[in-house]
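Letters A, B, C and D mark the chains as written, and numbering starts fresh at 1 in each.
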Amino acid sequence: MMKHLFRRRAEPEEGSMSLLQESWMRLLSNKGAVAGMVFLTILVLTAICADLIYDYETEVIMQDIPSRLQPPSLKGHLLGTDEYGRDLLARLVHGSRMSLVVSFSSVVLALAVGGTLGAMAGYFGGVIDNIIMRLTDVLLAIPMTLFAIVIVAALGANTTNLTLALGASSIPIFARVVRASVLTVRQAEYVEAARSIGAKHGTVILRHILPNCIGPIIVQFTLRIAQAIYNTAALSFLGMGVQPPAPEWGGLLASGRTYIRDYSYLSIIPGLAIMSTILALNLLGDGLRDALDPRLK
Amino acid sequence: MYKWVRAMCVVLAFVLLVGTLSGCSQGTQGEPQGGEPPAPKDTLRVALTSEPPSLTTCDHDSLISVGLNLLTFNSLYKIDHASLLPVPDLAYEYSVENDTEWTFKLKEGVKFHNGDLFTAHDVVATIEYAKTVPGSTLYTGSIKSVEAIDDYTVKITTHKPYAGLLYDLGYHYNFILPKSLIEKGHDFNMEPIGTGPYKLVSWDYGNSLKYEAFEDYFDADHKAKIKNLEFVIIPEGASRAIALEAGEVDFVWEVSGADVARLNANPNVNVLEVDTVDNVTLFMNNDVKPFDDPNVRRAINYAINRQDIIDGALNGYGRVNYSVISQGFWGSTNKNAPEYNLDKAREYLNAWGGDPSTINLPILCSNETRVAIATIIQSNLAQLGIKVEVVPMDTATYFAKWTAGDYVGVIASWSPSNSLTYVQRFHSNRRNAYPGSLNSPEIDALVLQAEGTIDNDARLALIEEIVSEVNLLSPQISLYQSVWLRAHHKDLAGIVCSATGYTAYNDFYWKK
Amino acid sequence: MIRYMIKRLLAMIPVLIGITFLVFMIMQLAPGDPARLILGENASPEEVKELREQMGLEDPVLVQYFRYMVNLCKGDMGKSYITNRLVASEVAARFPYTLKLALVSAAVSILIAIPLGIIAAVKQNTIFDNTCMVLSLVGISMPAFWMALMLVLVFSLRLGWLPVQGANMGWRSYVLPSIAIGFMNMAAIARTTRSSMLETIRQDYVRTAKSKGISNASAILGHAFPNALIPTVTVVGVQLGGLIGGAVLTETVFAWPGLGRLIVQSVNARDVPMILGCMVVMSVSFSVINLVVDLLYGLLDPRVKSMYA
Amino acid sequence: MVIGSQSNNTLEIRDLVVEYRTRERVVHAVNSLSLTVGRGQTLGLVGETGAGKTTTGLAVMGLIPKPAGVVLGGAILLNGEDVLHKSDREMKQIRGKTVSMIFQDPMSSLNPVMSIERQISEAIRAHDRSLTRSQVLQKAHEMLEMVGIPRDRGSEYPHQFSGGMKQRVVIAMALSCKPDLIIADEPTTALDVTIQAQVLGLMKDLKDQYRTSMVMITHDLGIVAETCDSVSVMYAGSIVEHGTLHDVFDDPLHPYTKGLFGSLPRLDDRRAKLQPIKGLMPDPSNLPTGCTFWPRCDHAKDVCRVEKPNPTYFGGEHFVNCHLFNEEISGARTVNMGD
């Protein structure tokens, strides 16, 4: 209690800083989050520039049997080569693109669909709310990974279906988050005001309500991406995601697994890549949550 | 300050973790763990790659299941593991009258696991039952009727003269089941009761199967020598090798090529390389232009370097095959088979007359080995200017596309037990199951003729003729014959592995 | 409480109907003909057609679904397309393996994580706390299937201490899979326990307790901890639910004969009845876990309990 | 019961210094504070929020939150024994038995997941291991009835009680071992006015019944007037004025004390303007030099900014810590305080 008192007093009375700026400053003061952000920035840049670093056809896909299974070395292949003589680093770099694109687009998909459903449920309430929420109840009662697996099972294993499956399995979570946020701001005065001057429902939701629920959505978005990276890797590991020879981290792990005994780097390195990315996203997510919602601190 | 400490700790943990793990990876790779005491001598433990889909005789086409069927069941004539010829099993002789009526004399005193005595009525009941099972036509379709002349004589009438009958009787669909249980609607999947050398004791789904020697087995020479037989399901290749080295299993049914060197280095383990009739083939859809032109198919056939494939994609474990049929059957021939020759390939391409760069061959692949094969084909055909597209997909989609004819190229394999069954596949009536396969009236006529030729030599000559003709047409391209790797504890003896993929566990015994 | 339980159990029914309906409909999208799948490549189109009729695949989808549900109520989940075995008996044989593994790993992770969380909270900002928190951060970020591979690499392949896979070696078979599954849970539970303990040990009632003259340890364990348990139980519930989904991966790595591997095999073979059966059982267990967690709240928190009444 | 010569006083605090140290700064919560509470007496400890009143109370209980809180010096004598040098085990015996504390917020000072009878029993059992379970429960019920709660409500949980009832439970808990001293930290702040009166009445009755000494920490002068025998006015961690109830209420001397009275509405002269003390409490991590009150004091002189004032006594207990009185004792009363 004492601590709380002192903190309140110590905080400078700077009303001039906008809420967003303030959050940003708070985020920057969180070293873990900054480390996460730096890592992710590098990763995203790598993914974007993947084609400049390694040519997809000749270095990532093309097999080079004579140089198969070369261990990591500073001279030849930095991270070694896989069972078909392909440079592991090249495949990791292009794999990062695959992982990021799949996870990002699946989460965007989930946010778009789930967000819309959640916003509608929260804004209109009543029957619509009831229907949408019962639907999410059902979806939430299915373990997420399993749901994604079932969708892939039905549609067939490839990158597009994987994205769809992962997206679909995250829909209920966003629907819940957005609905909860909408409910809290729906009654706010400025929303009432907008409605009273006859703004359309869509406008009210998009212009007035959503911007004010952005905090929890950003946090959830980051954490969901981490989950999606995990699930992308998991499903590809099971052979239900990205199909070889296209590189994906989980897929690399799956094919490296055969050689785990004698060429363990093939299974260690892709796993490290997955783990550090998820770790970075978790750090950032935690940081964002602290920054955007100081009450939880 | 504290946050910094924490961030540093994260980094440090990372470094440590990576360090430890990579340290481990370069750690001692010395003696394999052989701590387990040797298995008790009355038990044989076998590592299988996957669970058998079924233990019945009539509802599967799985190599693993047939292998287990062979433990619990017998047939009138069986396919000998070494010669791949039909030899007497429950019958001891047969005679053929007017080319369609086969009379089999049955062994007496044969007992089923449930105590029933085996008679001709069981044969009649089994075959009549098998004929009712959907999907059995391939194995029972030639049989018109079965009748029991007396308790130990059975007469089988075929629709028309049919040479393949003995082979057909050797297929799992015609393995003999006890009549009494068929009538009761017994679930042979749960309790596979037959006359075989082993009885099923228990089946722990997804984990293991336990068998026990059948004491009253009729064939004294092939009575099970090891009392307990246990199958453990180990899907991962490396894990199977480790289980063998650790003494957890005594026999590995399928060793991964990556583990051979290590297993060979182990003094307690022998690795067997089994040449098989499993023919891995590139099928082309003969209905799709320009693959309807034999010149194009032949050109492609000449341009594929099989040795590249075996070295590159198979760790060297494969046998080059150019003929449309597997080598090793009676009646197999290499005549007219297009061996690797780029000049010839160009010649045929010119004979076709089109522009090679307009040819696009997408190849469906169901696993990464096949992707590797297709990739090598891709670079081979690039030399002719033909474009190959590698299309990886999951097994279920692959299978659906293939059987629906929705493909241009597909890599698949087949391992029937004999050359007649093999060439039957070149008949156009098989196109309902394999759309896009060969469609040639001349070959159809030859296949029918071969089927009706009961005389062995004459039939084999006909088969050779078919094979050489089909080789000219090149409807599909054989890539290689698989070499299957088995491994066992050095004290295990009597091991027989057939070229069709089966193993007679009842003949295994422990040395000393 | 019992009325509440019954109410909750009844509320599960529409959710289960929803799940089966959803999964059933999704599986209808699967390409390929089940009849063809059953008969294999050698069957003629006539045979395929005949089997389709026999299986009722020619009926409208809703009729098929209704039939499935009626059978399900009778405990009949149909027959596998691939193995021709009863789905119910196959699932019944596999489920105990999944359950045993889940329980062992849950028990171990809870028993380790909660004390760690408490100690970390009490010794906040010490080396112990920092180590625990870094490890748990890594723990929640480490994919379980990779963890499984690394455990196999170190403890089975390099050290040879424990079996590589399977469930045939008694307790030794359980060690690696339960660590692989449990580590992430342990990390998550420890983190939550720590943060909720940090909150509760600063609560006034803990100070009140100390002012009564009871020892520091009993104030923490007797007052702070029961209150911190409430958020912890939530996380334990979420993690237990995750065990069910995560089993798919770990069981695949360890060739564990449980439901997770069964569903993967069934998906690869497009064995629809088996997939449906597995999904039903796993979703039911998932819902049951959630129910148990909710009921636990009632036991732990009298405020929730009085809401039931 | 009485040990040693000087223990006419239940509580005696001498020059207590308490700091809270965090990574960024040091908070001077209590600075050289001294006070005494005589046997059976009630002392009102008055001051604004953040003056260090609660910290003082916690210091007596030995419950300063660690590791941030540090007692730097001084002595706290309970019945003549210095509690600052007691071991944890000894402190455990003292808490609840010799001194117990009633906390500010009854809503949060009861454990929400434990029935109230168990919470009271816990206090009883902590100091008397010889009692059986049922005896303990019996005693707990007696305590409940004493504070006016029917015994059959004992198995209920805090959320089932109103605020006033909860505070009664807290009081029952505090009194359960008949302590010599009760520290009541704003016991009624969180309660409705009507309930306040009830609770205060109850406390007064019980205190008389048990002949317990009490420190009444509050910022409410009304409560002080109602319950206390003497008053200490606390500002920024130290006592600025002390005296009997009459001394302080009839004749407030320190500008801060006057300020406190000045910020109360007056019933006798409703037109009189409220005169709140200007400014805010100083940042306790950055206290002004000299007299801590000078930045807010209308009468601040140069010496106030440099030197700490010493107590000036006005007969009996009444003293004031202010430079205005240090030099000219006689003229002190005539100083024009700006009216």
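Things worth noting here:
We adopt the following convention: a contact is a pair of C-beta atoms (placed from the backbone, for glycine too) under 8 Å apart; a residue touches a chain by one contact, two chains touch by 3 or more.
Given the structure is predicted, the values throughout are model-derived calculations rather than measurements.
In terms of the distance between Cα centroids, chain B is separated most widely from D.
Chain C has the C-alpha centroid lying closest to the overall centroid of all protein C-alpha atoms shown.
For this pair, chain B with chain C, the centres built from the Cα atoms lie 38 Å apart. Rounded to whole angstrom units, the spacing between the C-alpha centres of chain B and chain D is 90.
Rounded to whole angstrom units, the spacing between the C-alpha centres of chain A and chain C is 22.
The geometric centre of chain A is 53 Å away from that of chain D, both derived from CA atoms.
Annotation for chain A: residues 1, 156, 239-240, 257, 260-261, 264, 268, 276, 279, 283 touch two or more other chains. Multi-chain contact residues, meaning those touching two or more other chains, occur in chain B at positions 2, 6, 10, 14, 21, 24-25, 236, 238, 242, 394, 396-397. In chain C, the residues that touch at least two other chains are 30-31, 137-138, 150, 153, 157, 202, 204, 268, 270.
For chain A in complex with chain B, the touching residues are 29-32, 35, 61-63, 65, 83-84, 156-158, 239-240, 243-246, 255, 257-262, 264-265, 268, 272, 276, 279, 283.
The touching residues of chain D, counted against chain C in their complex, run 58, 61, 63, 65, 88, 92-97, 100-101, 103-105, 108-115, 119, 122-123, 126-127, 157, 159-160, 170, 173-174, 177. Chain C contributes residues 30-33, 36-45, 47-48, 50-51, 82-85, 90, 93-94, 97, 125, 130-131, 133-135, 137-138, 150, 153-154, 156-158, 160, 163-169, 255, 257-258, 261-262, 265, 268-270 to its touches with chain B in the complex.
For chain C in complex with chain D, the touching residues are 202-216, 222-223, 226-227, 230, 300-303, 306. Listed in rising order, the residues of chain B touching chain A in the complex are 3-4, 6-7, 10-11, 14, 18, 21-22, 24-25, 29, 236-238, 241-242, 256, 258-259, 262, 311-313, 368, 371-372, 375-376, 390, 392-394, 396-397.
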